[in-house]
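Got a structure for you, written out below as structure tokens; questions coming shortly.
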Amino acid sequence: MINENGLRVDGRKPNELRLIKMEVGVLSNADGSAYIEQGKNKILAAVYGPREVHPRHLALPDRALLRCRYHMAPFSVEERKSPAPSRREIELSKVIKEALEPAIFLEKFPRTSIDIFIEVLQADGGTRCAGTTVAALALADAGVPMRDLVVACAAGKVDGVIVLDLNDIEDKEGEADVPVAYMPNLGLISLLQMDGSLTIEEFNQSLNLAMDGCKQIYKFQKEALKARYVTIKEEVEECLR
Amino acid sequence: MINENGLRVDGRKPNELRLIKMEVGVLSNADGSAYIEQGKNKILAAVYGPREVHPRHLALPDRALLRCRYHMAPFSVEERKSPAPSRREIELSKVIKEALEPAIFLEKFPRTSIDIFIEVLQADGGTRCAGTTVAALALADAGVPMRDLVVACAAGKVDGVIVLDLNDIEDKEGEADVPVAYMPNLGLISLLQMDGSLTIEEFNQSLNLAMDGCKQIYKFQKEALKARYVTIKEEVEECLR
Amino acid sequence: MINENGLRVDGRKPNELRLIKMEVGVLSNADGSAYIEQGKNKILAAVYGPREVHPRHLALPDRALLRCRYHMAPFSVEERKSPAPSRREIELSKVIKEALEPAIFLEKFPRTSIDIFIEVLQADGGTRCAGTTVAALALADAGVPMRDLVVACAAGKVDGVIVLDLNDIEDKEGEADVPVAYMPNLGLISLLQMDGSLTIEEFNQSLNLAMDGCKQIYKFQKEALKARYVTIKEEVEECLR
Amino acid sequence: MSSIMVSRIRQKQIAQMVASGKRLDGRGLKDYRPIKVETGIIEKAEGSSRVLLGKTEVVVGVKVEIGDPFLDRPNEGVFTVNSEFVPLASPEFEAGPPSEESIELARVVDRGIRESKAIDLEKLCIIPGKKVYVIFIDIYVLNHDGNLIDASSLAALAALLNTKIPVYVVEENEVKKTNDYIPLPIKNLPVSVTLANISDKLVVDPWLEEEEAMSARLTITFDKDNKISAIQKGGTGALKPQQIMEAAHIAKEKAEELRKMVVKT
Amino acid sequence: MSSIMVSRIRQKQIAQMVASGKRLDGRGLKDYRPIKVETGIIEKAEGSSRVLLGKTEVVVGVKVEIGDPFLDRPNEGVFTVNSEFVPLASPEFEAGPPSEESIELARVVDRGIRESKAIDLEKLCIIPGKKVYVIFIDIYVLNHDGNLIDASSLAALAALLNTKIPVYVVEENEVKKTNDYIPLPIKNLPVSVTLANISDKLVVDPWLEEEEAMSARLTITFDKDNKISAIQKGGTGALKPQQIMEAAHIAKEKAEELRKMVVKT
Amino acid sequence: MSSIMVSRIRQKQIAQMVASGKRLDGRGLKDYRPIKVETGIIEKAEGSSRVLLGKTEVVVGVKVEIGDPFLDRPNEGVFTVNSEFVPLASPEFEAGPPSEESIELARVVDRGIRESKAIDLEKLCIIPGKKVYVIFIDIYVLNHDGNLIDASSLAALAALLNTKIPVYVVEENEVKKTNDYIPLPIKNLPVSVTLANISDKLVVDPWLEEEEAMSARLTITFDKDNKISAIQKGGTGALKPQQIMEAAHIAKEKAEELRKMVVKT
């Protein structure tokens, strides 16, 4: 899956990101929302809260309850997916929640909940990372106070080469995938998974490459937030849809 | 399905109702109950309430919570039906509830619930209408104060003819079915659905025919209520079962 | 299934129990726990409580709420069992709860719950009885005050002979199975079921034989409790596993 | 006065009456309430019945389909018993998945039928190992005034005796339905009798308030040859061994009486 | 002031404006909000669309698979309509099994398509009685600002018109997928129009706050030949018969306008 | 003093000790608790094991059945990993559908086995595209005292090494079970090592109270060739990149030690 020129199935260089497009504030009902396209991934995130917790007995006395639901639309994948949450979706909801939690000042909102909803409209590999990136934007859009943004990107190994931001085929057919979420100003990693087969050294390279990718995507995040606040509102609304 | 004499598969004329039998106060535990046979339909309704709401957080500060469950027995149809509520049953529960709600003085019983249970023991086309008719009787039997009775009947189109009170075959093979619930003294329609294919004019005819049917069935309703209260109690109990 | 010498498929005499091994206090988190092997049955029981009831509205004003869950591990039977509770497991949870309830001074702990969890790791016939026996030990280990221990054993009919403590094959291929739970000091029966075909006289014999079996198993129960409290703690812990 | 208090006083009253050999509704300790059995009430079901036991009312419908046999019984038809405690029958019943009481009821009725071999399952095989009759016995409780087990097992038996099954022919390994119907082959007639232990006395056919006052319940199912096919103790109390044997003898007698009501139908 | 009080005042305001022939957002009583229809937005789906109706936003994806026909329709393809009210669309929506509103929505959209015979199901048979096309129409509500039914049925129609199905060939009773795609065969163009009854007047395309103020809702679906294929009354109030006929005439006209928006796409 | 207060104080105590290089239970930061591995404890399962990791206790049972392969892998057997947090193991566990922790555990164990290709799936095909072995690996947590992932993956590996599968023969396209058994073909030996970040230090094999005190958890699974097959970060805190690499080096060493315990068994 790497050709003679060292290029990948979609023509990218090993350390090249896919095309990324982000928009903040795309849904009117949510307290915060954002949309991302990364390759063919198309993902929406919405944040509701801080708000009253339902059911009430889940409320925490000293901080907000953070909840996250990662969910895929039935039409987001090749074969239609049942709308009921799969075990994979439940696991990803957990790791994304844990990726975002260290960045949020939950202690400022005791007895409330902050609910993050991520909807994958089209999946093309790396949805947990793109979902984390877009959820962080929705949190910022909701005005939730944060220590840092969170940005996520995977690296991995394909045909023996360490590559950045694997697409669907690379993810499935490649040798390894290392999704990473990063808090760029704190320099901390809040999501890390891996599956496949890597030596420690290859893993080290992948981790570093993923962090590089995160830093690049972080620039897009900042631009998208700027666009939301600086650009003239009407213009924004026109180009959003 | 209309023969040379203009008669239908079961020998009825186009504007003729099926045989109808109603009984009020047939179950001892419920606060109100009633039973209807309309053609081969055999349907029971029970009302519990006004009573304490469970779970409590559903209680409404300014009126009673009206709930309705339309349910079919597994043996009520040709092929055994799973006892779990189908999507169809959930929709019909909703439209029947909305058909009955405008007739009830819910504001007299804040913080309580009024629960209507409709059990179809045998289904023969038109169960949502017969279920609405019998549920209104059960509400009256429970002493729930009402603006008007509610009575329901379908009309539709079979073999090009607008007909009243479709049976199972006519419903399935006919061109259109228009179930209508009517409050006869208020002259208002509280349930209206349609599926099939009708011109506006045909729909108008169907709607009027259905209202005619409702007015006829309303007479049976009044008789059944009278029988419950006027006839000697012992006699009633004997003939009920 | 009875050979010419009157012996059963596993070599036992008709009134002979299978090998039984019991241990009390085997799990560190539970308030009380016990383990039993009876033939190839391997069953754990744990008791939590008296403790706060969840959900709270289930709490009883005048006594503890007793709950019991009998559950089989997916690998406990020949063909893998789905982990979701089957109808059989739900019924057995109920009858075991009702077998233990008369022995417990529930009135001493109003507004609390006592929760019994029985996990069948391997099933070999008679799991409801062995599960009752081991649950009673776990209750005692939890310090729950009891009127009497509860001990259970089945008798039944195999190849025309009334036999004690049926194993899996005898249970499935035999003519009848009579599981019995007994409170040996009170002389009362708190669980009784039967399936198969027995005359009243044969049932009487089976009931008496089952009570005899209970009395024998009761001795093992007492020894296991003694071992828990009398034997040196270190020795116990070593031989438990 | 709270409704719990009221019901406590009521329970005491019932217990005292039973202690002196009487019942609040005037019955003798071994009397059933009036029983009415109707069959064929659901024309669209292959078999059906309604049983009134005092104010307790139960409908049973039997549906017949074609399906796969169990792997270990390739030559036998299949049946299942299911029970619904629909919320119109009692303020205590809730919509949703079956309660443990509902599951227990269905399983006790099932055991009576299964262990007495009431349905001749071997006659319900169409293509061995491939196609057999599947019999669904659905118990529908319409009004709960106590002793649902006896009402339901009686109704189940009446419905089975009322059941007609379509005749199938096998042509080139394809199963074809004919227009003929034959009665469901029935080999035995299990009838359950339930007794409650109140004030250390046994009463037959407890109604709802007696069930609240009883310490334990014992259901014994007898087949047509006076053999026991199923027993189920219920309730949070315990029983003396001699009470159990006494219950068995009473139940045997009562089962014969009840069986006549169904078979004559 | 509690939010319930606020919403009561708001509802009164809306009702008073409608009574005088006006709407809070400046529309005429028979005006739709601005509508935007996009198609092909989900490349991995065989068909897709997005509809914006004011701030209401709905995406529909169509997936095509191979499956079994219904026993009683061996020569026809199968379709199902499913709807998800995902919790990002509204603070009122909850994760979990579909709500009754969501089920109603899906079934009303389904009826419009089914009764108008919009999809030519007979052309979706591959091997009669064995293999047919199965069309999944999934409605995904992304932002709820009222009148989900019209937005969803419009989006469903746009997505169906956008759908390409893979061509299959049958070789020795095995179904083989080719690389060719053809448009989904569409025979009719059902469009639903929803009116709300507020202050005894009919307003077209109610937005969220109007839905809270309305007494009843009426949805009428017209096919391309101006025949009604489906009607659904909703809401806890009632309607006069003459209002219903008035609504039918308005809806007929509006349906034609909406249909042009989708067909031109 | 509330139990939350007690547990806060306890957490602080644990954090302070770790900060000074010690642990409350006397272990060094890189020490595992005593480990005991038993196999073959469930005779009715094709494979089984019990692992004690301090007071944490896990049983794994392996069942082997015949089933269909995945469409895209017609020549390979299938395995699934399932985990049950049964309520007898902890006051925090509840009956009902698996919690997200239970699902995460099963999926992390699954990934270690799957990505290291521990089971030789190609040897588990009986009839290509039709019949393959299906291996159910069921993790049963009996006592939860922390670090369930390592205990479970160790138990899963031990149970797989203990598994015997029945030999099947194919006669005229029918699969027949013989009386012979052969060991499950195992190609690799994945072992997971979990470290907790407490007071910015890494401790191996956290027990329950350390898990409550930790900010984050990192599990790294190594195969027999010292390659990483799976990683899972858990917990609501974050980690420094250099901590992660440090953890990888510790885990590699520890994994080798643990592997020897299982393989010698």
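Letters A, B, C, D, E and F mark the chains in the order given here, with residues in each chain numbered from 1 onward.
Methods note: contacts are C-beta pairs under 8 Å (C-beta built on N, C-alpha and C of every residue); 3 or more make two chains touch, one makes a residue touch a chain.
Bear in mind the structure is a predicted one, so any value in this text is a computation, not a measurement.
Listing every chain that touches chain E and chain F alike gives A. Each step here moves to a touching chain, and the least such steps from chain A to chain B number 2. Centroid distances built from C-alpha atoms place D farthest away from chain A. In this assembly, the C-alpha centroid of chain A lies 27 Å from the C-alpha centroid of chain F. Centre-to-centre, using mean CA coordinates, chain C is 31 Å away from chain F. Centroids of chain B and chain C (each the mean of its C-alpha atoms) stand 51 Å apart. Viewed as a network of touching protein chains, the structure reduces to one closed ring of chains, two contacts apiece. Listing the chains around the ring, anchored at chain B and oriented toward chain D, produces B, D, C, F, A, E. For chain D in complex with chain C, the residues that touch the partner chain are 4, 98, 100-101, 103-104, 106-107, 111, 114-116, 218, 223, 226-241, 244-245, 248-249, 252. Contact residues of chain A toward chain E in the complex are 27-30, 33, 40, 42, 44-46, 48, 51, 69, 71, 73-80, 83, 85, 115, 117, 119, 121-124, 241. Residues 36, 41-45, 48, 52, 55, 57, 59, 61-63, 65, 82, 84, 86-91, 95, 136, 138, 140, 142-145 of chain F are the ones touching chain C in the complex.
For chain B in complex with chain E, the residues that touch the partner chain are 61, 87-88, 90-91, 93-95, 98, 101-102, 178, 183, 186-200, 203-204, 207-208, 211.
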